[in-house]
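You will see two complexes here that share chain A, one where it goes with chain B and one where it goes with chain C.
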Partner chain A sequence: MKTKSTPEVQFDRQKQRLRIEGQSYPENAFKFYEPVFSWLNDYLTDSEEGASLEIHINMPYINTSSSKCVMMILERLEEAHQNGQKIAVRWYYDVENETAKECAEEFKEDLTMPFELLPVEEEK
Partner chain B sequence: MNQASGGREADDARPARQSVIYDSGTIKVVVLACLTIVLAVMITGGMSYFITRNAVVDKLKSRDIVYIIESISAKIDGRIARAQETALILAADPAINDWVTGAEQDEKLGKYSKTKINNIAKNYDYANTFIVSAITNHYWAEDSKMLQVMSRTDPNAKWFYDMLASGKSVELNLDYNSGRQDTYVFLNALMGDRKRPVGVTGVGLSLKDIAQEFQRYKFGPNSRLWLVDDNGEINLSDNLNDNGRYLTELVPTQVAVRVIEDRQAGTVSPQISEYVNDNGETIDLAYKVMKSTNWKLVAQIPRSESIAILSNIKLYTIISSIIALVLMIFIFYVVSRRIADPLKRALLLTREMEKQVTERTRELAEKNQKIVDSIEYAKRIQEAILAKEEEIGAVLGNYFILWKPRDVVGGDFYWIRRIDDERSLVALIDCTGHGVPGALMTMTVNAILNQIVDHNHSEPADILTELNRRMKETLHRNDHGQITDDGLDIGICRIERNKRVLFAGAKMSLYIHRKNNVEMIQGDKWSIGYRSSRNDLAFTNYEWEIQAGDCFYLTTDGYIDQNGGDKDYPFGRKRLLQVILAQKTKDMGQQAAAFGDILHQYMGNEPQRDDITLLGFSLH
Partner chain C sequence: MEFDLLKLQRILQDYGVLINFAGRFTQEIIEELGDAVKKYLETEAISQNETYNVFSVFIEQTQNIKNYGVLKRGSPHGDRIANSGIITIGKTPDGYFVCAGNIIENNDVSALTAKLDEISRLDKAGLKKLFKEQMKKELPPGSLGAGLGLINMARRATRPLHYSVEKLDDSLLFFTLKVNV
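So, the complex of A and B:
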């Protein structure tokens, strides 16, 4: 599923964990993220109140349209957080990759849900 | 264009595949297999021939020759023994005895005696029968004739007197008649008392018929049968010419001497020897001492004749080998054809498929070429909205522009507009997407920007607010819950007579190089035109008083986001700032080259990820 221009997305219902890993600059970002968004939306809507979700993200590069999609995902999570669902975002970035850090910081800025920025020495 | 040349390569590859079915490898295998079969058949045939040959020669020497010589010697011995009995019976006949004793006076007895020997000669197939009187010396032969009167002085009568003197009841005497080319064996028997015989009687027989009988046993015309006496003289032969010659004349001396001197030879079974004659032929020689005489029966058979039967075997072996060979080659051919057939079909299928692939490739190349042509044309249109060099030069003074759309056309473009003599606007725009979608956006943005300025908006922040409103209106008026969301980043400067720069940015920054420092004037962090962008976005104007030597840079995120380096990470803002710092002493032309080269180096073999545009100017 992971390609040079698209990240690997794993959604583990059991462990309540969403993992997105890899660069993201597909030709049509909306087409790529639409299923991710609907899975997430379905999960958050269906799950009982109090259900939790942990999101692990490691994206060395996100192009503009992808970042719009990531933003949509994060906003949906923020909404769930506001609704009292237990959401936690862990955003990994390589210390040498300032663009990734800047990008993550921008995302974090307006969000109130738990959002951890985790520097790693080596890319996973 | 790459794809177009790829199509040509596929065309070139076609003729090389034509010969695939007539693979020389297959022919080699067939030839090799045939040679193997030929060799195998030859070895098998040859071996079976030699095995047969050895068996035949072995049988010939141990049995056939022995059989021939034994049966002939037995025949001769039998004939002689019978003749001996006959001679003894004649000698013991009282009527004949009385007739001879009576000096052949009694006519009755004479008639009886003559009739007797005549009948014996006639009925028992003797060459001669005779009665010789020791009293009258008369020699009576068959046919009732008195042939001669014996005389002691006649050498031809010597045998008679020798016989009378021998005291033996019966004796064998040979007489070779050169005139008749025949050997007569005489069995002489004494009549009356052995010490005082009254006469000799007996029979003579020709062995010619026996010699002729040998023909039946012969393998060929050069086989010989000889009856040889103690001196080596040939007394009987199937070949008349040999009679009277000596064995030494006909076989190598050494061999002849051995045969002659061997007195015990083959009393039980014949002696077999072989020799090679002057012509190089192998000859088998068998000999045996006769029971009834001291003579030796010698049979000479050239090997070539005795094994002539083998030539048939040889012929049949060759014929059967050839038949086997033809059969095997035929079967092999059929089998290999069966094997080769599916392969051939597969190859044909492959070729058919290759043809189709080539055809498709050609079609694709054609379609691709059309698309490429179309986009090339789109590029001309896109370039038409870009400001002309003189126009830019007039506004910006010294400047450079790096404009590198990723796919011929792109979502990046730069825009310039003179407001009045004092003031001008310059903007760098990065629309979402690249390629044709990006290019469509640039056309829209260009048109809207021009409209905005036409409506007397001249402040950068104001222009951006207006642009946001109009873009949203334009792009999302028909949104029906579609997820598509497009917009743009922009940095815009109002340049006021080289004194002041007014800057506003939507997710784009202005970099200013002054002395040894790079100032980054960050634009507002929201983009323009997206659904999420509020309708009434307010942007900020930043002011900058120009000093001599100030260099200004606007860049779309393509430059900063380009991946490369050891870890394949984006180029990054820090690196960009370093590059800007390093350009201090260079003129704008050199800077353009440097920005291009540094990025190119960083990219390495990675493809360009996004549209890249970098605008630098110094306003002096």
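So, the complex of A and C:
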């Protein structure tokens, strides 16, 4: 469930889709993301080559310790991509939120897996 | 000494302080104040980017102070340190500032100021590079932060980070960090 300082994390096994949505500045980011990471790691480790996973991210604000956690997640996905698994990241950002876009672009710079940056109009 | 609230209010106004909190920082207080900061800035009709930058510096400053308090729980000065946090957000003709302070132990000051001095020597490209390097570093187990907060503040800032250190007694100092956004 989404709270003020933690995003909603949802996994749809049937659709092979992981969704992370919301602001992230928890009291302890490592503690919050640890289960997400270990679940993802188990899923990718158990999946065969050619398995696919789509990741939808929409995070208007990420504090620095959360961004470290997000990077660890992205690096694990990149590794799966290198191993021949079908990974696609879709990162949504508000058109007016340049900093959120920059943040996503910086993550993308060091990765080779499919990584789409998708602008969305702000919901009023 | 009689408590003169009006005098205190005038001082805050003279410095352009909009929001101010002093005391023990908890996650709840950080979240509530953070919301207040964001709502206030939204009514000011500034760009979403500027709001984001002020909010971001506010979060990093308060979480740094809170984490330092947690780290010093076992110290003989633990309580004094945890209660010593103060944060102000203000506005001057040059823009917004987020200024925060807390008590730190003598032994911790040189590592902190060395890091700030290293950061202040870098331009935006250098800060980005340092941020990425630090992001990739293995952290010691039990770390509360990623060691990225100060670099991030410098990246959001419109001017070099400004800090000051004031000696309180033989073992403690008061540390202040001002970030112009």
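Convention: the second predicted complex is superposed on the first by the 122 of 124 C-alpha atoms of A that agree within 3 Å, B and C clash if a C-alpha of one lies under 4 Å from a C-alpha of the other, contacts with A are read in each partner's own complex, and residues count from 1 in each chain.
What we mean here is this: a contact is a pair of C-beta atoms (placed from the backbone, for glycine too) under 8 Å apart; a residue touches a chain by one contact, two chains touch by 3 or more.
Values in this document were obtained by computation on a predicted structure and should not be read as measured data.
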**Study point:** chain A as common anchor, with chain B and chain C clashing or fitting
**Key:** clash
Exercise for review: Kindly classify A:Glu34 by the partners it touches after superposition: chain B alone (first), chain C alone (second), both, or neither?
Suggested key: first
Practice item. Answer with first, second, both or neither: which of chain B and chain C does A:Glu116 touch in the superposed model? Key: neither
Practice item. Tell me which partner A:Glu96 touches in the superposition: chain B (first), chain C (second), both or neither. Key: both
Check your understanding: In the superposed arrangement, does A:Glu105 touch chain B (first), chain C (second), both or neither?
Key -> neither
Review point. Now for A:Glu8: first (chain B), second (chain C), both, or neither, which partner does it touch?
Key: neither
Check your understanding: If both complexes are laid over each other on chain A, which piece of chain B (253-261, 433-441, 451-459 or 541-549) hits chain C?
Key -> 433-441
Review point. Once the two structures are fitted together, what part of chain A is touched by chain B and by chain C alike?
Key: 25, 30, 61, 63-65, 68, 71, 94, 96-100, 106
**Study point:** Complex contacts: residues of chain B adjacent to chain A
**Key:** 430, 432-433, 483-485, 489, 525, 527, 530, 532, 557, 560-561, 563, 567-570, 572-574, 609-610
Exercise for review: State the interface residues of chain A toward chain C in the complex, per the touch definition above.
Suggested key: 4-5, 25-30, 61, 63-65, 67-68, 71, 94, 96-100, 106, 110
Check your understanding: Which of the residues in chain C come into contact with chain A in the complex?
Key -> 27, 30-31, 34-35, 47-49, 52-53, 55-56, 59-60, 63, 128, 132, 135-136, 139, 143-146, 148-149, 151-152, 156
**Study point:** Residues of chain A defined as touching chain B within the complex
**Key:** 23, 25, 30, 34, 37, 60-61, 63-65, 68, 71, 94, 96-100, 102, 106, 123
